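Read from first to last, the chains carry the letters A, B, C and D; within each, the first residue is number 1.
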Amino acid sequence: MTNEKICDGDNVLIYLDARRTYMIKMQAGQIFHTHKGYIKFDEVIGKEYGEPIKSSLGIYFATLKPALTDYIMKSSRNTQIIYPKDAALIVMFSGIGPGSRVVESGTGTGSLTTALAHYVGPTGKVYTYELRSEFQKNAAKNLQRSKLIDHVEMKSGDVTVTGYDERDVDAVILDLAVPWLVVSHAFTALKPSGIIVSFSPTIDQVVKTTEALKENGFVFIETVECLMRTMQVERGKTRPNTMMTGHTGYITHARKIMKPPTQESSQSLSQEAMPEVTVEKPIEQEETA
Amino acid sequence: MTNEKICDGDNVLIYLDARRTYMIKMQAGQIFHTHKGYIKFDEVIGKEYGEPIKSSLGIYFATLKPALTDYIMKSSRNTQIIYPKDAALIVMFSGIGPGSRVVESGTGTGSLTTALAHYVGPTGKVYTYELRSEFQKNAAKNLQRSKLIDHVEMKSGDVTVTGYDERDVDAVILDLAVPWLVVSHAFTALKPSGIIVSFSPTIDQVVKTTEALKENGFVFIETVECLMRTMQVERGKTRPNTMMTGHTGYITHARKIMKPPTQESSQSLSQEAMPEVTVEKPIEQEETA
Amino acid sequence: MTNEKICDGDNVLIYLDARRTYMIKMQAGQIFHTHKGYIKFDEVIGKEYGEPIKSSLGIYFATLKPALTDYIMKSSRNTQIIYPKDAALIVMFSGIGPGSRVVESGTGTGSLTTALAHYVGPTGKVYTYELRSEFQKNAAKNLQRSKLIDHVEMKSGDVTVTGYDERDVDAVILDLAVPWLVVSHAFTALKPSGIIVSFSPTIDQVVKTTEALKENGFVFIETVECLMRTMQVERGKTRPNTMMTGHTGYITHARKIMKPPTQESSQSLSQEAMPEVTVEKPIEQEETA
Amino acid sequence: MTNEKICDGDNVLIYLDARRTYMIKMQAGQIFHTHKGYIKFDEVIGKEYGEPIKSSLGIYFATLKPALTDYIMKSSRNTQIIYPKDAALIVMFSGIGPGSRVVESGTGTGSLTTALAHYVGPTGKVYTYELRSEFQKNAAKNLQRSKLIDHVEMKSGDVTVTGYDERDVDAVILDLAVPWLVVSHAFTALKPSGIIVSFSPTIDQVVKTTEALKENGFVFIETVECLMRTMQVERGKTRPNTMMTGHTGYITHARKIMKPPTQESSQSLSQEAMPEVTVEKPIEQEETA
């Protein structure tokens, strides 16, 4: 197996140290200036990812292929991005993977869209709705940059009014100011057994969304919050870092079931003799943390 | 699009309420007993996932298709499983997705293997190493259950001695008592720009692993800890739940770069006139929380 | 200075190890049975606190004088106790100390009353209100045990209806299901510049209490939550413990000011020449974490 | 009871809103300038704490008596202060109260000294050691400001070499870079049953201190970490605040017992008939969270 080579037009992380790293698009014939000298793109193009590259001042930089977290963090921030810690949990709870069909609203910066598109892969599809055209344009740019745009169908319109066009999707992901207003639309779009995940910063949104989920017959409703703390690791000086992000948002998830006919009063069926199976012990969903 | 039908041999979540949910393998001709009456599998097989099913006592149960988190949580526990919150972050930091090639050691219960196999999909591959054959057998059973065994190659042997057979893999995932002993082997197995992720319960493991990562030339080394708290959501009574898992482990991740030749002293290249590109502002990796 | 001697009637912590520690009231002529042999109280009485005491099986136990946290944790639990971590912050935010006069409602188990009585000392006074007489009796027993009953005046009645009898108290501490109903009474009881602290498990209580505080002219209103995690400390195995208390309650605190006359429109006073003082930089109350 | 009046020389919090609050020392004949007009101290002196005061532009400010947390937060910061959340727990675990005799080292900014002096009151004493004279001077200034200097005896010298002069103190509080070097000195200074509390930012300090505590015969050794998060409370918008202090330090506490003679092998005492007492259920110290 040969390693991947850096091509003209690729986004490359140019790494000097953890604080001095730049995501740069390769453009043949041009140069990139740093305070440690300049780098000619022509000397980068054709190299393998991971190879060192020497600046005009003789300083070596590393070339790295951007990972999913880089694209998430580099989503232009004219609005709030979804942080990798939350994107990771949203994806996990949604149950999606290669080949999944997912509805997302709203698109926002496209940071979460990037994560969804990454995991559904070329055989899946993300249908992402956004009301504000300037957000949509910006998100499209971010998705082109991460080369995931082909996994995504960008859609316009106010989903609180029109609902979603898709049916039988595997998951619906909500990152909206008013998620409770689209819960019934999400139910319609989901396949039975499909999963809804909603991300909201405030308690009030969580309460209203949970109520809407109950009213619409979703089950396994759970809300979690994730606190991630980074560590300073150095022998004899190891400790958690002083500052941390104390709150981003709550993640509420649930699953769609089809409603039974009106529950009948205890109806005795004939008790025929039958082979039995051993009852497994219940899955304790509360343990999922 | 037609919905997926339940087949003989499928694992199905039989749901009465959040605390009474059972993951059951369908077996034609058999029945499943609950304290709310029994369910004939022959009446479940052929139904669509999500449809209600009536017990012998006239009580409706829902049928749900197990999601990734169910398989992770149901991994037989003769050893510690990796919880979904950690699996989600490990996957996110590893950068893997559909088509990725990943090395994992050790296999353990196979709970993390299940997550990795889910995300690399049918076009990727997980190479998972386990020293203890009884763990390997149990993990194989769990992977068969989740129908992900085809994405996985199970391997034996003591990786601290023999290293890994694979080369140019996208990621190496470590869940070992002594991760620092295999960091150099991980370096060899990884493609340049590839990512290593290590999960460890203790600070000491984190310090030793971080030191080994630095010695082997990895960059972007970061350790995080994730605290997940569940919420009780009910209008007027909303609050975090009383008990929580206070600690599972630390996640350390880093990226491989190729070593430059011995750094030369500031070497002045000829300063030719050249077109310039705008320097983007640095990616602040610390912000990833 | 001589050390304190153990007297008949004293409560003593009999310590074998961290998990086998007993708070026992000394009673002359009696014995205390343990699975490591019995201890004669007559051999304990007259010893100094901290001295070892030998059981009938030749095993040494240590004698310890109970500390505040022991009395808090040993408050009989027919209702929820306030944990030391929360008691500590409630006391700190309340600003009380030796000599302070404090109103508390409700008394509950008396666990928080114990802490308040400890810190106001013999020159201060805690006025604690409780509606339910069985709680009051139990709390009185706990306060007698910790020998703090003389610092406390126990009062009956429904404070939401009758308010508090006291005036110009230094602090009012609320641990009630409906704290917002007594905020105006607390205002009346407090001296100007006095501090109110309310402890509540749910968000809804916090919101309603905060609204009541704003309506009643309190300032510096802040709500905090405290998460305490214990560590397993052992060289090479150090890590946070697995289980933790994820939530007890929120602490809301604020200060009383006297209302100004209706704010007049910018009234120009004569600008006389005057000596000046340097303006100090503002106290940033947000930094208090 | 009459309310307390503001005197010349008092420190007063001049409050406009939560962000614009100033701690100012009253000086007869002088004025205090704000962007909302100036305030004549002569108009403040003689008022009661809590009364509104009108500026030259007709804007009302409130006057508040500084609370303990204000003095802690206003300790001049030429070094790290101990935050109120940690000071509260250190005080709680130490068991001190009115009349206690406490040793502290090092003094640092005096922020923790302020808390200790506040709680021991006029009948107690804080003996605080500091090696660096410039820190000592600064701390003295802070203690004079909070009018707690009379509860404190400031001492110089390197306690790792000389130990403490005091004996039979109720508690020893350590906030040192090398707490493990003074654990044996703390043992000597403490009364039996006395409590040691150490505050340290790093894991390594915690491990070494815990080892020293074990070697010196301390019991009930526990290390905790406290995370405090502030909330934004507003109906419909309630949520934890985005930024939080992720780490300040770990708190390790333990109690002194006197060493028993060399533990004898199980020695059978004569089993005389005796009245019995009921064994209470063990105090579970782990529950203290």
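In this section, a contact is a pair of C-beta atoms (placed from the backbone, for glycine too) under 8 Å apart; a residue touches a chain by one contact, two chains touch by 3 or more.
In this text, all values refer to a predicted model and were calculated from it rather than measured experimentally.
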item: Type of subunit A:subunit D copy interface by residue overlap (half), same or different; value: same
item: Chain pair with more C-beta contacts, B-C versus A-B; value: A-B
item: Chain centre separation (subunit B, subunit C; CA means) in Å; value: 44
item: Subunit A and subunit B, separation of their C-alpha mean positions in angstrom; value: 16
item: For subunit B, residues that touch 2 or more chains besides their own; value: 203, 229-230, 235, 238, 240, 244-245
item: Arrangement of touching chains [line / ring / star / complete / other]; value: ring
item: For the subunit A and subunit B complex, residues of the former touching the latter; value: 1, 3-4, 13, 15, 17-24, 27, 29-34, 37-38, 40, 48-52, 54, 56-60, 62-65, 67-70, 73-74, 83-85, 87-89, 91-93, 95, 97-99, 115, 118-123, 167-168, 191-195, 203, 206-207, 210-211, 219-231, 233-235, 238, 240, 244-245, 250, 252, 255-261, 263-269, 271, 274-277, 279-280, 282-289
item: Parts of subunit D lying in touch with subunit A, wherever the complex brings them together; value: 201-204, 229-230, 235-248
